[in-house]
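Two complexes come next, and they have one chain in common, subunit A, joined by subunit B in the first and subunit C in the second.
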Partner chain A sequence: MLFWQILIDGFAISALYALGATGFTLIFGVSGVLNLSHGAIMVGAAVAAWAASSELGLGPYAGALVGVVTGVVLSFATYFLTVRPIQTSRKIAEAEKEIFILTATLLWGIIIQEAIAYLFTNNAKTVLPIVDGVVIVLGVRTPSNEIFTAFVCWFAIGLLWLLVNRTKRGKAVMAASMNPRGVTLLGIELSSIYLTVWAAYGLLAGTAGILLGMFLGVSSYSVGPLTASAFSIVVLGGLGSVSGSLIAAYVVGYLETATAYLVSPAYRTIPALLLLVVVMYLRPQGLFGRR
Partner chain B sequence: MKLRPLPASRLFWTGAAAFAVAMLLPLYASGYVLGLLTVAYYTAVFAMSWDLLFGFAGEVNFGPTFLIGVGAYTAGILDARLSPGISIYLCILAGAAAAVVAGVALALPALRVSGPYFGLTTLVAVLMLQNFIIVAADLTGGEIGLAVPDVITIDASANYWIAFCFMTVSGAILFGLSRSPIGLILQASGQDKVQAGALGFNVTKHKLVAFIVSAFFSGLAGALMVFYMGTASVGSFVDISVGVQIIIAAVLGGRRTVIGAAMGAVFLIGMGELLRPLGELATLIVSVIALCVILYFPDGFVGMLRGGARA
Partner chain C sequence: MKSAFHNLATGALAIAGALATVPACAADAIKIGVIAEAQAVAGSSIAPAAQLAAEEINARGGVDGRMIEIVVYDNHSSSADSVRAFQRAVSEDKVNAVIASYISEVVLALEPWAGRMKTLMITPGAASDVITQNIAKDYDHLKYTFHGYLTSSSLAGLVCDAAKDLLVDPYKMKSAVIMSEDAAWTTPLDAGYEKCLPEIGLKVVDHIRMSPDTTDFTPIFNKIEGDKPDVIITGISHVGTQPTVQWKSQQVPIPMFGIASQATNSTFWKDTNGAVEGVFYNAVSGPGVAVTPKTLPFVDAFQKKFGNFPSYAGYTAYDDVYMIADAIKKAGGTDSDRMVDAMEKTDYVGTIGRVVFKPKGDPNPHALKTGKGYITGLMLQWQDGKQVNIWPKELAVGSTKWPSFIKLKAAAN
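== the complex of A and B ==
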């Protein structure tokens, strides 16, 4: 019974982690940007969905749509207001751009977080779920919403896989992550590839944020922990490796769920952190890194 | 980067003027302003120690609060447990020593990796410390915080002087170190690790030294701050948001300058307080200002004062 409970709960949580981390690793793989405003974008999308569905009374579907659009808008804003000015700046030495992007996205995240706190207060918000009720799966009472979350996550990841492997645009993105110069030599505009990636990132992060908001609820305090957990999952799996991130998301998700059920919810994050330290020590490039 | 002679005109005079104002302030300012500046000066030391490690060694350290937290909590716990029987100065020294040990323990695995991996390792260290403090609530006071029975003094201007002298002395030491051969080697290894190694410098050894010095001053400042505030809590010493503020202060003031980090810290805390009447908007406005400075004046306040004459 407990075993099945851990299996099912862990699956849903892990799927959510996987979706959140996929966008993060996509951006890093293609443009080498570690976007530390990740958590803020997720929370921003969730809060927008909450405001539209509950406060304005538009219902769950319209709310989710507003949330996804907000995610994309925030993603583009991140790119045009912080990342791009630094990438094209002549005042900043090439070697230092990485730290500038880290600091700027961090600040941008704080700006979003504070704006949310100012406009919508710090209170936790639960987005109106699209599906309601409870079903019994393998003898475990499971909220339908949990199954819905896992399903949407894998659907979105599957779509991304199709986009990257089956469309011309996606193949160009893949190529850009391997060799940006080669792609430009083939006559593909690199900046338009970046736009595609940031749009995809906005969709992924926005969807993940809304699902999180339906599943566990969000508040402006969740921004930091969300960024940290995406960062750890992505590094654990190997920066830039999407399949590595998916596996790492499941490792972390199940470790956390099992600890919460078997030991105590207070110790939830500790085993995952320990694992991360061990992996960093023995295999610094992550489990599936290609460095 | 070419190193300028020290009295670099505008920068030098601004510094001298700021120093003079700081010296005269206790005569005129209220206890409230002095208390605020006391905290700002300790934060300045945090930011300067961070700048030595990052600005010069080029490593993105997300874990300044790991070192600060270890120093602060070691000193606080020792005092809380052994209160009348132990001098607080011994507690403070023990805090600094513990921070150095923690720094070495963190540096050994962390220096094996670089870039984002180094950043994550330091971030994880903070999260682990935070978890430990909350789980071991009997010892550390957990989420509520640890009450420390003794303070150095309750006199606002005495506290101000202690913080100010501490900041000046540690700033001078860190600045001297950054201009010494060690600082130059760190800077070289930050710019090109392989070449610096090829010139025969032991890059890892120098980074370890930077880590230890950074840890020492962070821990010392953390311990002193505990005995100024009379309490230690996760929110004021360990939380990631505290570390973020330190990083922003250092980058805002201008990296690789040590002094800039101090200016950034005083600016951040001062602005946060000036804008406090605006409530939630205060942090928002400070962050927007910081973002603009980083985007348009990448060399920070120090770069602005130098007048952008840098090549």
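== the complex of A and C ==
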């Protein structure tokens, strides 16, 4: 019974982590940007979905749509307001741009976080779930929403896989992550590829935020921990490796769930962080990193 | 050019003149600093409620002709910010008293500062017993702090009183699991629960303390279900909506009963999408419950002015301004030591009951007296989007209703 509980709960939470981390790693892989406003974008999308569905009474579907659109808008805002001006600036030395972008996205995330706290208070909000009720899976009473969450996560990740591997646009994105100069030589505009990636990122982060809001609830306090968890999953899996992030998400998700069940919920995150430290010592490029 | 210079010079003189007159006015006004959490729902009512009380007092001519001015500082729920705000309030803004915070950690950080800067401070919402225990240990230095809300151990006692009448007597409940967040205010609360639950006939079969930033409660609820208790006794405040939402989405068949600070907010139904249905929580006030003749007029005035309902700390902050005003009147001025003496003699019927502070020599000096004749508290249940008072009987507006997924084992026997 305990085994099945850990298996089922761990699967849903890991799927959510995976979806959250995929967008984060995609952006890094293609454009070399470590987006530290990641958590803020997820929370922004979730709070928008909550406001639309509960405050304005639009219902769960319209609410989720508003949330996803907010995710994309925030993603583009991040790109055009913070990342791009630094990338194209002539006043900042090329070698320093990375650290500038890191700082800018961090501050941008704090701006979004404070704006959310100012407009909606820092109370946690729960997004109106699309599916309600519970089902018994292998003797475990599981909220239907948990199964829905896992399903949507894998569906979104599957779509991303199709986009990258089966479409021309996706293949260009993939190529850009391997050799940006080569792509430009083939006559493809890098900037349009970046737009595609940021759009995909907005969709992924927005969806992950809304699902998180339905499953666990979010508040402006969640911004830091969400960025940190995506960051540590991506580092564990290997920066820029999408499949590495997926596997790392499951490692972290199951490690946390097992700790919560077998040891104590109070120590939930500790073993995963210890694992991260160990991996950093033994394999600094991450479990599946290319470099 | 010359005329421009002339204008500038006269302007500067006028400003200087205006500045010179300011201190004279400020000496007339009584300044009360409010250090609170503008972004947290429980804390966000504190400043508006204090403002409302000040306006009412000023409309009736103030305190011996002196107007009350409220100076507000947002502490961002941080102890460090609160200490800085307190220093600024006393040294630069020259406040005569401070109303501070609903977070125990914040009040504990401010307590020595109230002593050092000899400034009267009252908290409208913190609960830790340690605040008043400190006063007992070092009365001469810390006597400036007053505890305007119930201490955790009084809260535990009130929850047990209500549990006996609402759970043990009608449903023959026999066992409980305590579920509380790891924070300063729950240490004495849990100790109180451990002591009083067995006394009313509820055996404590497990005790779970979780980190306030826990997000996934699935393992916690599964563990509790495994213990097969009749009821979950709660001590939650900062942890947010998650325990309530997951209790519902996982359909945990065991009632939740106890302290759930956020459930006292009228917005909690929306914040949880109705998951709070059936949750029992302790409070000092509730919508439509006339605890005293002052309660409902206050709620109406607050709602009219600010468009929402006050949180629990709003009620007490409103009373605190009146008590401070009375103390200043009795003390004949704003001398801190004389204000403290006057505050200690407070016997005031406010919005939450009759306020009398425990005297020097008590293990918890400057804490509120509770029980019959003083403050008894209420036990409310969320029903169909409304907060319905169930206990005590004389103030009840409804009766217990359980959500369909709750399975009362004991009642079935």
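Keep this in mind: the second predicted complex is superposed on the first by the 291 of 291 C-alpha atoms of A that agree within 3 Å, B and C clash if a C-alpha of one lies under 4 Å from a C-alpha of the other, contacts with A are read in each partner's own complex, and residues count from 1 in each chain.
In the analysis below, a contact is a pair of C-beta atoms (placed from the backbone, for glycine too) under 8 Å apart; a residue touches a chain by one contact, two chains touch by 3 or more.
Just so it is clear, the structure is predicted and the values come from calculations on it, not from any experiment.
Visitor: Could you say whether A:Ile13 touches subunit B, subunit C, both of them, or neither, answering first, second, both or neither?
Guide: second
Visitor: Under the stated touch criterion, which partner chain does A:Ile270 make contact with: subunit B (first), subunit C (second), both, or neither?
Guide: Only subunit B is touched by A:Ile270; subunit C is not.
Visitor: After superposition on the shared chain, which partner residues are touched by A:Lys171: those of subunit B (first), subunit C (second), both, or neither?
Guide: Touch partners of A:Lys171: none, neither subunit B nor subunit C.
Visitor: Under the stated touch criterion, which partner chain does A:Tyr118 make contact with: subunit B (first), subunit C (second), both, or neither?
Guide: The answer is both, since A:Tyr118 touches subunit B and subunit C.
Visitor: For A:Ala104, is the partner it touches subunit B (first), subunit C (second), both, or none of the two (neither)?
Guide: Once the two structures are laid over each other on A, A:Ala104 reaches subunit B alone.
Visitor: After superposition on the shared chain, which partner residues are touched by A:Arg283: those of subunit B (first), subunit C (second), both, or neither?
Guide: Neither subunit B nor subunit C is touched by A:Arg283.
Visitor: So which positions on subunit A get touched by both subunit B and subunit C?
Guide: 117-118, 266
Visitor: Okay, in this complex, where on subunit C does subunit A touch?
Guide: Those residues of subunit C that touch subunit A are 39-41, 44, 77, 182, 208-211, 213-220, 222-223, 240-242, 245-246, 249-251, 262, 265, 267, 270-273, 275.
Visitor: Show me the residue ranges of subunit A that touch subunit C in the complex, using the header's touch definition.
Guide: 5, 9, 13, 54-55, 117-118, 121-129, 132-134, 141, 143, 145-146, 216-217, 219-222, 225, 256-257, 260-261, 265-266, 268
Visitor: In their complex, what parts of subunit A are in touch with subunit B?
Guide: Residues 34, 82, 85-86, 89, 91-92, 95-96, 98-100, 102-104, 106-108, 110-111, 114-115, 117-118, 224, 228, 231-232, 235, 239, 266-267, 269-270, 273-274, 276-277, 280-281, 284-285 of subunit A touch subunit B in their complex.
Visitor: Which residues of subunit B touch subunit A in their complex?
Guide: Residues 54, 58, 60, 109, 112-113, 115-117, 119-121, 123-124, 127-128, 131, 134-135, 191, 240-241, 244, 247-248, 251, 255, 279-281, 283-284, 287-288, 290-291, 294-295, 297-299 of subunit B touch subunit A in their complex.
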